[in-house]
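Okay, got some structures for you below.
Next come two complexes, and both contain chain A; in the first it sits with chain B, in the second with chain C.
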Partner chain A sequence: MDDPAMTADDTAPILELRNLEVEFDTRAGTVHGLRGVSFAIRRGETLALVGESGSGKSVTASAIMGLIQLPGAVTGGEILWKGQSLLGRAGERRARRLRGREMSMVFQDPMTSLNPLMSIGSHLVEVQRRHMGLSRRAAAARGAELLDAVGITEPHRRMGQFPHELSGGMRQRVMIALAIACEPELLIADEPTTALDVTIQAQVLDLLSDLQRDMGLSILLITHDLGVVAGLCEQVAVMYAGEIVETGAADDIFDRARHPYTQGLIRSTPRLTDRSERLVSIDGAPPGLLHPPAGCAFEPRCPQSSERCRARPALAAEPGRQGAFACWNSTPSAWPEAAPGPKASFA
Partner chain B sequence: MAKFLVNRLVQGMLVILGVTLVVFVATRLVGDPVQMMLPLSASAEQRAAFSQELGLDQPIGTQFLSFAADLLRFDFGDSLWQRRPALDIVLAKLPKTLQLIAAGFGFAVAFGIPLGALAAVRPDGLLDRIIVSVSLIGLSVPQFWLGLILVMVFAVNLGLFPTSGSGSLAHIVLPAVTLGIPSMARIMMLTRSSVIAELNQQYVRTARARGLPFRRILFGHTMRNILVPVLTLTGWEVISAWAGYTVVVETVFAWPGLGMTAMNAINHSDMFLLQAIVFVVAVGIVLVSILLDALYKLIDPRIDLA
Partner chain C sequence: MTHFPGPLSAGTPASGAAPLLSVRGLAVDFDGPRKKIWGPPSKIRVLEDISFDLARGETLGLVGESGSGKSTLGRAVLRRLPIADGRIVFDGKDITHLPLAGRRALSRDIQMVFQDPYTSLNPRMKVLDLIAEPLIVHGIVESAEEARDRVAELLRLVNLPVENIDRFPHGFSGGQRQRIGIARALALRPKLIIADEPVSALDVSVRAQVVNLMQDLQAELGISYLFVAHDLSIVRHISDRIAILHRGRMVEMAGCDAIYDRPAHPYTATLLKAVPEPDPRHRRGTPTAPPPAPRIGELVMEGGACRYSKGCAKATERCRAEAPVMSRRGRDRWVACWEA
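And now, the complex of A and B:
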């Protein structure tokens, strides 16, 4: 029960990534999926990993879960779980024992994430028997409790149903029930609400937030939606082109982002209160990771690039402020004020 | 389920009726039994009398009506060749063919599915290449030739099995393997490609993320998902063996089943026997296809039979 490692130091991170690199060998050449990613999550903390498609968010999650498959491979850096490596031969053995038990994951698409030929109950029983050594009967009883805990009505009837008989929102709840079945310490949620209706999205986020509070769960939330971040996460890490360009407390990031990319992301998030007709965007596209730029990856799209940007900026802490960013020319606002356009009609 | 069975049985009867109609016409095109059965020296009167005895002097419409009326009583007439009720002969030979098919497809499934899954675990690996190459050979070889080669190697040279005939368990090995090999190769190929595709499904990824070992995912999750296509193919293979390939294999190995009987019936222009055989084969095909549909429902809860 009282594992000394668990009580020793609550401020020590349970998961830490150090300079993680992942590469994919493709016919066209080596794609540098992750180019040195570092961050840490402490117990009970919620970290949002934010970035646009292709920035490496999901690759990061897969790497932590040990799900990177050929032609991809972790080629550098370190993944530490409570200070112990999850890479290398011994590390992978350790990771196998952790997966589904101490760390688990919820994926983006609940429609395809369950085995179509297995009942909801069989899924829940399987994972508990495997990791907790429960009897079939005990696992089934606890499975129904888990369904109830994630807000599924008539849990006993649902146990006998098959995935196709459930809505997308319910299936995602089932996925969450499966993920928390063995009382993990870390839950990785990879765009858990992207495939759901907006009203269901809010419910699922509330559920995650409740679980985080009740179970003392650490959550790594992967999303491209800053609106999702605001409600749920204390910490934010912003990814761009396979690296982290800014980290910090969520409030700081929203109010005083220092990296031009982060500022651009926040600026381009549509707000209901702001009734301008046009959506603001960041011109251009992220660089291809087949031949990543030697300097700052955001430089071609940056409004205030300079000579210095030819060299790659490191993630550096700012004095007097928690958090760090990777930019040579940071200013409070790199972007011109959006011109107040004619009012948009939402009617 | 009950409604489904009734529906399918009614459909099946229509199929059988259609088949018997075709056979009725076709058997009358194969050859003239009167010429086949009577010696060349028979007189015209004898031929006419024989023809009358068989009812062949009647108009074709009348013949079909009496044929259909007999059919309702399961009376297929006497075999011209053996002079006893055709259906009795067929039912006496039936168990032999069923044994051969059971053994042949037991072999095909028992090897085809595991080998296919094994090959799929590491696509393009050494084991995969070996399994695929061998099964390509199995696919390309005609059964009558394969049967003869097996007899030469295992019966004549090694003396492990009898060359032909039936009676002991050893007798069934070579014909069953000959019947099963091409089906085994096809079942293996389909299992392989299905497993490869299935292992890329998202639910396999989530199962891995739940910490389930690969073995458990492969056997517990993936194999069940590929069962529907594999079952479809196996059903088709059983039907084509039942309605065709057993004729070849039984003839090569002198296996006294329906196939060899069909061969003899054709050689003797025994139209009544042939009709009885085709009728039983048609009934078998209908039953197999109903069984398949019921099994689909059992495997996949999404399949709606009604």
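And now, the complex of A and C:
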């Protein structure tokens, strides 16, 4: 820990994934959880990792945090923190020092990620003593400040309370306080608001956005909800079946998505202003990753698949535009304009 | 108990005809902590003064956050809970006080679709057995084999390949499982389906499949739906009218467009603002300090005040002293708010 911000150049990514592969050995065979994932996060940037269940978003986060456990293993690629690898023996030693200190994580379920036998204060004191070497007293004082910073009222009283005494939104705020306690540079938030009510979700998202601005935090936000992405993130990476299919600036992705899957995802997200009676959906289901397809993983569900799609497209940048996508036949709009009409009559 | 004057289903597809379901002044109590160790449990009123009508072939969206009583209301209509006050009339029959046998018979006409398709299907039962089970329970068939043709027809109805009939649920995706759940609910040809957050556990791209299927089935079979949801993002597409619940009380009920275009109750407006829009230029407005999450115990103490008054920007002295009653505003809107 000798070269913080001093030498780092602001445009260099603080975290970079290169062709990361993760496999899980199961009785049925090898599940290819990640099949070559690459992206980078710069300082102060918010990147949303978007995808549906099983697409590998959470596996990506676990890999970065070193939480992949047997039978899973990172089998290929690189995870670079400020240019230095976090894999291999030396890398893992480095990573152990970083995790919790320079990068920290907020999990989805605030109900199960706090220890029910420890007071809120003990959680906050533990993390600061472990990573920052603070005394118990100093850690307690700072803990109350942290609770205040995440918008918890009466922080001193809350320090003595136990997780079951707090509501879901409060618990998620405590989780965020714990995650920012050591002033990390990167916060990984894995579906931080999925378990919360919408009004509480809006508050927690505002909190994350404030923290990002005030602390210059980089955030990797993992979510399945494009609405959450639009409200908080500048950069978006879309995952499908263990790979990244499109990356780009949020505005570009929402306006001019190039991958048919991204376009389909945006189309199927309901909007409040939409009066139509029919919702649009992407028919079919993602492929199983036990035997991942050799070609494009989205091909069976794609409205414009062709012969070429039997070969797997690589993530390629488009000239004159930031971002990249993995599709042979990309068009501005792969899906038919009108929503499909009522289905033909039943048997 | 207050009663609603006039009809509660104006502007619905079947307005004029008698409603399929009519609920008036419904209240449900849960047991709270005992005051003495051997004493009777205290009563907590988790639903209070709920009134609405549901026409045949209509969909009413029930929207509320956790603790609002939306699932409890569904279970009360199914008569799976004791009713503390009020009246439920289904298909012309008063079902408020039914003996066990009557409640069993009722489940032929009212069925439920559950939120989590991963835990609501028995993993040891084949699709055939799962869907045939209600038919066996109600004595329509003797064995699952006897129902094979009916089950195959139900599978076709929910767009699942009939070859799946002898498979176990673990091989299906979430959307397919939910369709099995819907086929199971349809087996008895019910008149009303209570769908308790049927798409909340599904991926976005699959939600539409299930919602569209439910709409097709409604058009085909004329079923009514009570569609429970925890936010306003998807109910617009399926509901004819929407009722907003807050802490055990109904705060607003109106036609779909009225709710979305001109929300009358401050809580409805907050819920609308809180839904994140998938558009980076449409930045989310922060909802004005919604009240803290409801605690079961708090509901007893609140007494007369409007339950939203703590977090409400418009709250006045009257709101803190007196609970507002549902009153009619316009042709098809009911609101419980002194200031709206």
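One rule holds in what follows: the second predicted complex is superposed on the first by the 330 of 347 C-alpha atoms of A that agree within 3 Å, B and C clash if a C-alpha of one lies under 4 Å from a C-alpha of the other, contacts with A are read in each partner's own complex, and residues count from 1 in each chain.
By our rule, a residue touches a chain if its C-beta (ideal position, glycine included) is under 8 Å from a C-beta of that chain, and two chains touch if they have at least 3 such contacts.
For clarity, every value in this text was computed on a predicted model and none was experimentally measured.
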item	value
Partners on chain A (chain B, chain C) - clash or fit	fit
Touching partner for A:S281 - first (chain B), second (chain C), both, neither	second
First, second, both or neither for A:P116, with chain B first and chain C second	first
Partner chain(s) touched by A:L67 [first = chain B, second = chain C, both, neither]	first
Touching partner for A:G133 - first (chain B), second (chain C), both, neither	neither
Inter-centroid angle chain B-chain A-chain C after superposition on A [Cα, multiple of 10°]	70
More chain A residues in contact [chain B versus chain C]	C
Touched partner set for A:P270, first chain B, second chain C, both or neither	second
Which of chain B and chain C A:D251 touches, first, second, both or neither	second
Partner chain in contact with A:L226 - chain B first, chain C second, else both or neither	second
Which of chain B and chain C A:S104 touches, first, second, both or neither	first
Superposed arrangement (fit on chain A Cα atoms) - minimum chain B/chain C Cα distance in Å	8
Complex contact set, residues of chain A against chain C	52-53, 167-170, 197-203, 205-206, 224-231, 250-251, 254, 264-266, 268-283, 285, 342-343, 345-347
Residues of chain C defined as touching chain A within the complex	65-66, 153, 156-157, 159, 173-176, 203-209, 211-212, 215-216, 219-220, 230-234, 236-237, 257, 260, 270-284, 286-287, 290, 292-293, 295
Residue ranges of chain B in contact with chain A within the complex	201-203, 205-213, 216, 220-221, 224-225, 299-302
Chain B partner contacts - residues on chain A that touch it in the complex	65, 67, 96-101, 104-105, 107, 109, 112-118, 126-127, 130-131, 162, 164, 175, 178-179
